[in-house]
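In the two complexes below, subunit A is the common chain; its partner is subunit B in one and subunit C in the other.
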Partner chain A sequence: MGSIELVCPAGSPPMLRAAVEAGADSVYCGLRDETNARNFPGLNFSPAEMNEAVTFARDHGARVLVAINTFARAGADETWRRSVDTAVAAGAHAVIVADIGVLSYARQAYPDLRLHLSVQAAANSAEAIAFYAESFGVRRVVLPRVMTAPEIATLAKATSVELEAFVFGGLCVMAEGRCALSSYATGRSPNLSGVCSPPEAVSFETDANGLTPRLAGVAIDRFAADEAAGYPTLCKGRFEAMGDTSYLFEDPVSLNAMTVLRDLRAAGVKAIKVEGRQRGKTYVRRVTEAFRGAIDALDAGRDCEPFARMLTDLAEGGRETEGAYKRKWR
Partner chain B sequence: MSDLELTVGPLMFLWSPERIADYYAQVAAAPEVSRVYLGEVVCGKRSPLTVESLLLAEEVLTRAGKSVVWASQALPATPREARAVRELAEASALLEVNDVAALACLPKGAAFVAGPMLNLYNESAVAALVARGCQRICANVELSLDAVAAIAKACPQVEIELFAYGRLPLALSGRCYHARAHKTHKDGCLFVCETDPDGMTVRTVDGEPFLAVNGIQTMSHGVHLADAEVGRLAAAGVKALRISPHTGDVRAVLAAFGAFVRGELDGAGLRAAVAATRPPGPLINGYLHGEAGMLSMEVL
Partner chain C sequence: MAGSRRQGAKRRWEALLARPLLLPPSAFLTLSLRRLARAHPEAFVRLGEHAQRIYLIAPTDLPLAFCLRPAGTEGAIRLVAAGDAPEAAVRIRGALLDLLQLFDGTMDADAAFFSRRIQVEGDTSALVALHNALEAADLTLADLIGAPRPTRDLVNRGLSWTTQRWRSA
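Up next is the complex of A and B:
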């Protein structure tokens, strides 16, 4: 492992093997149910697959982190407890948790289990991190994608808990775990169901005005005949405010923070994370190879810029941003 | 007649000192209201503009016999905001916590209220906070009445307040959308959010009003109304109903809720009375039913 741990997504067993073979230090994955925040059909792991995944990763010198990062449903938190039990039984290196109730159970039932705080908990201050560290012994915090690199540096000085930062993939523009836009329109949201702008609520309509993607009947965007239409994620659509129609919340862009890798490392970030468990093994192989190359280059005292250009075509809408890491984004 | 309490939640918008003074004078004069939450919960940049007015409101409200609870910011981001949260936590007898940052700053064992912008979705999470002094929760707005009932049943020692009237606080960001719509950014915002005292209307490309932007916060266009029958609310373990500040006829809104908790209006009557006060959007209640929040369903 280099100076920064490379954490890559695994939406399926083949994707996990691809990530490990391409040089991921760790992979994160979830069980095939509502306890993880990528609860899409055809994704994720059965308990048996989880066992095999941990063995495979360990044999290749990599770690498996299990995401149990939705918020437990009231009256049904047994399901989330069982996911923690399954991850522990599989020998996971750590579990990634957002819910205070699930953290509380994991700490009591498995005092030695390594706990990472999910980005869904949106802990972005030394005080919030201190709460999770003192209450539940959380060892690492995945930072929400709303902070600048200098803010992360200030935070790292104020906490002894490890920090993990997203560097590539989809960009949540709202503080993760603090967004109910999807459930407002569709009844299902990341916190409660593990999905955002769920496919069953999506429809497309073509008329003289162009192509209109809708979410639960609500027009989320409108494309002219020559425009490429992306997936209608609610916060990446076009809306009208003050007489202007625009991408009010965020353009349909992807995060690529490879150019700030050096800053993140200098800020004291311990691990970097690639988003995209729903993207497949070709994606994860390419992104892992690029970031493996970039970290190794940095560690050898070389520039990592050339690796950034390897990934441009993977971005949503073909466009990339450094997001909140640069102050002007706000 | 029920023993449901009425409270007024923290002001989420940037209002002028005059509007703040007028609003809280009306709340102070409303016999129905027993508790009022004060404080800047959305954007720390606004605090210097409103703090004097809110302190004056505290005096007026306290003189009128209301209990005042200060509420902490929902997503403190800068060292200055973190310091403000710490100072508030140390100074308040009872604090409404809207971010776990404030929990870390509370003296050990201090009583607190968990605000609706905390992620408390189940009885285990609530129980963990009760062990740290949580006295009351204002349920997260995504929770259905059934979910609230499950929490109440498992945690009988905690008082449950329901977000009962107002635009729903749906999302928080590091980015200021009010500033972005005005072609600037958070650092150079010039407090443009003051121009929209109920939030800036966001329409779809069809021209339908859909959301409302309030600085870094995104809210519903619809105005949520917890119009379940009083008996249903009481059976679910609800102890208090929270009215969130908006422009319009606050006296009439509070009077309608007063009549509702006294049993003089049923759920449908509450809806009709509140609709007549011309709230800033159509009345909605989907979350209460476990459905999409924007829906308006039959009274529970």
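Up next is the complex of A and C:
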């Protein structure tokens, strides 16, 4: 492992193997139910697959982090407790949790279990992080994607808890995971159901006007025949307001923080995270190889910027941004 | 108007005449699919309720389309003439090479969609389930043609070389 831990996504066992073989230090994945925030049809791991994944990763010097990062439903919290039990039984290196009740259960049932605070918990102050560390023994916090590199540096000085920052993949304009837009339009949301813009609410129409994506029957964009498209989330929809048609909330664009990797390391970030468990093994292999190369270059005193332009074709809308790290918005 | 009616009637006749010719390859592809289902039952489990749906996969550079019902060992693939496309839950269109690379996971499906290399219509849940099941099955082109296990690596290398040459030609 280099100076920064590279944490990559896996939505299936082959994706996990691809990430490990491409140089990931850790791989995060979830069980096939509503306890993880990527609860899409056909995705994720059965308990047996999780066991095999942990063994494979361990045999190759990598670690498996299990995301149990949705918020437990009243009256159904047994499901979340069972997921923690399954992750522990599989031998996971850590579980990534957002819900205070689930954290409490994990802490009490498995005092030695390593706990990471999910980005869904949206902890971005030293006081919030201290609360999670003192109350539940949280060892690492995944930072919301709304912080600048200098803000992260300030935070790192005020906490001894490890910090993990997203460096590649989709962006949310809302406070992490607390998206009212998806819930408003479809009745399902990332923090409760594990899905943003669930696929059963999504449709695409192609006609002479181009491609029209709809969410819950409502047209939220229209792309010309040769225009790069995005997944139809309301926050990345294009709307007409005051006579202008524009992206009111956010463009369909992906985060690529390769050029601020040096700043993040200097700020005290312990681990960097790639988003995209729903993307597939080609995606994870290419992104992992690029960031592995960039971290190794950085550690060897070389420039890591050449790796930054290797991934543009994988970006949503074919465009990339450094997001809030070099803030132009909040 | 009369011209487009004539074109439509011509396509329907062509489709009708092509049907007997498409039966043998349909039977072969169905056998391959069922062999896949026996070798990778876990992939078909991932499809859940969507295993019984009809997926129409239409290469834009061929006068044919593949009508897939991925119902495990009961599944079937039917080759149809492009003008004879039946009702389907999901319709996927793109160049044959791109569709083959999506099948074996060497092309990223989202990137192919973002860049408009492939077009999709219909039930997005079923589409997402198919994509995730294919990803998890870790299939290769040798699986598609039912190559015997000892020859798989050799066949895959050959097919990979061929498709790369085809793409650069």
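Just so we're on the same page, the second predicted complex is superposed on the first by the 311 of 330 C-alpha atoms of A that agree within 3 Å, B and C clash if a C-alpha of one lies under 4 Å from a C-alpha of the other, contacts with A are read in each partner's own complex, and residues count from 1 in each chain.
Everything below uses one rule, namely that a contact is a pair of C-beta atoms (placed from the backbone, for glycine too) under 8 Å apart; a residue touches a chain by one contact, two chains touch by 3 or more.
It should be emphasised that the depicted structure is a prediction, and the values quoted were computed from it without experimental measurement.
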Per-residue touch tally on subunit A - higher for subunit B or for subunit C: B
Partner chain(s) touched by A:Thr282 [first = subunit B, second = subunit C, both, neither]: second
Touching partner for A:Cys179 - first (subunit B), second (subunit C), both, neither: first
Which of subunit B and subunit C A:Gly230 touches, first, second, both or neither: second
Sites on subunit B touched by subunit A in the complex: 74-79, 82, 85-86, 99-105, 117, 119-129, 132, 141-143, 146-148, 150-151, 154, 168, 170-177, 180-182, 185-187, 200-208, 210-211, 213, 218, 220, 286-287, 290-294
Complex contacts: residues of subunit C adjacent to subunit A: 42, 46-48, 50, 105-111, 113-116, 119-133, 135-138
Interface residues, subunit A side, partner subunit C - complex: 11-15, 40-43, 49, 198-200, 202-206, 211, 223, 225-231, 278-283, 286, 313-318
Subunit A residues touching subunit B - in the complex, by the definition given at the top: 71-77, 98-105, 120-128, 130-132, 134-135, 144-147, 151, 154, 173-175, 177-181, 183-187, 189, 191-192, 212, 216, 218-222, 235, 238-242, 244-246, 248-250, 324, 327-330
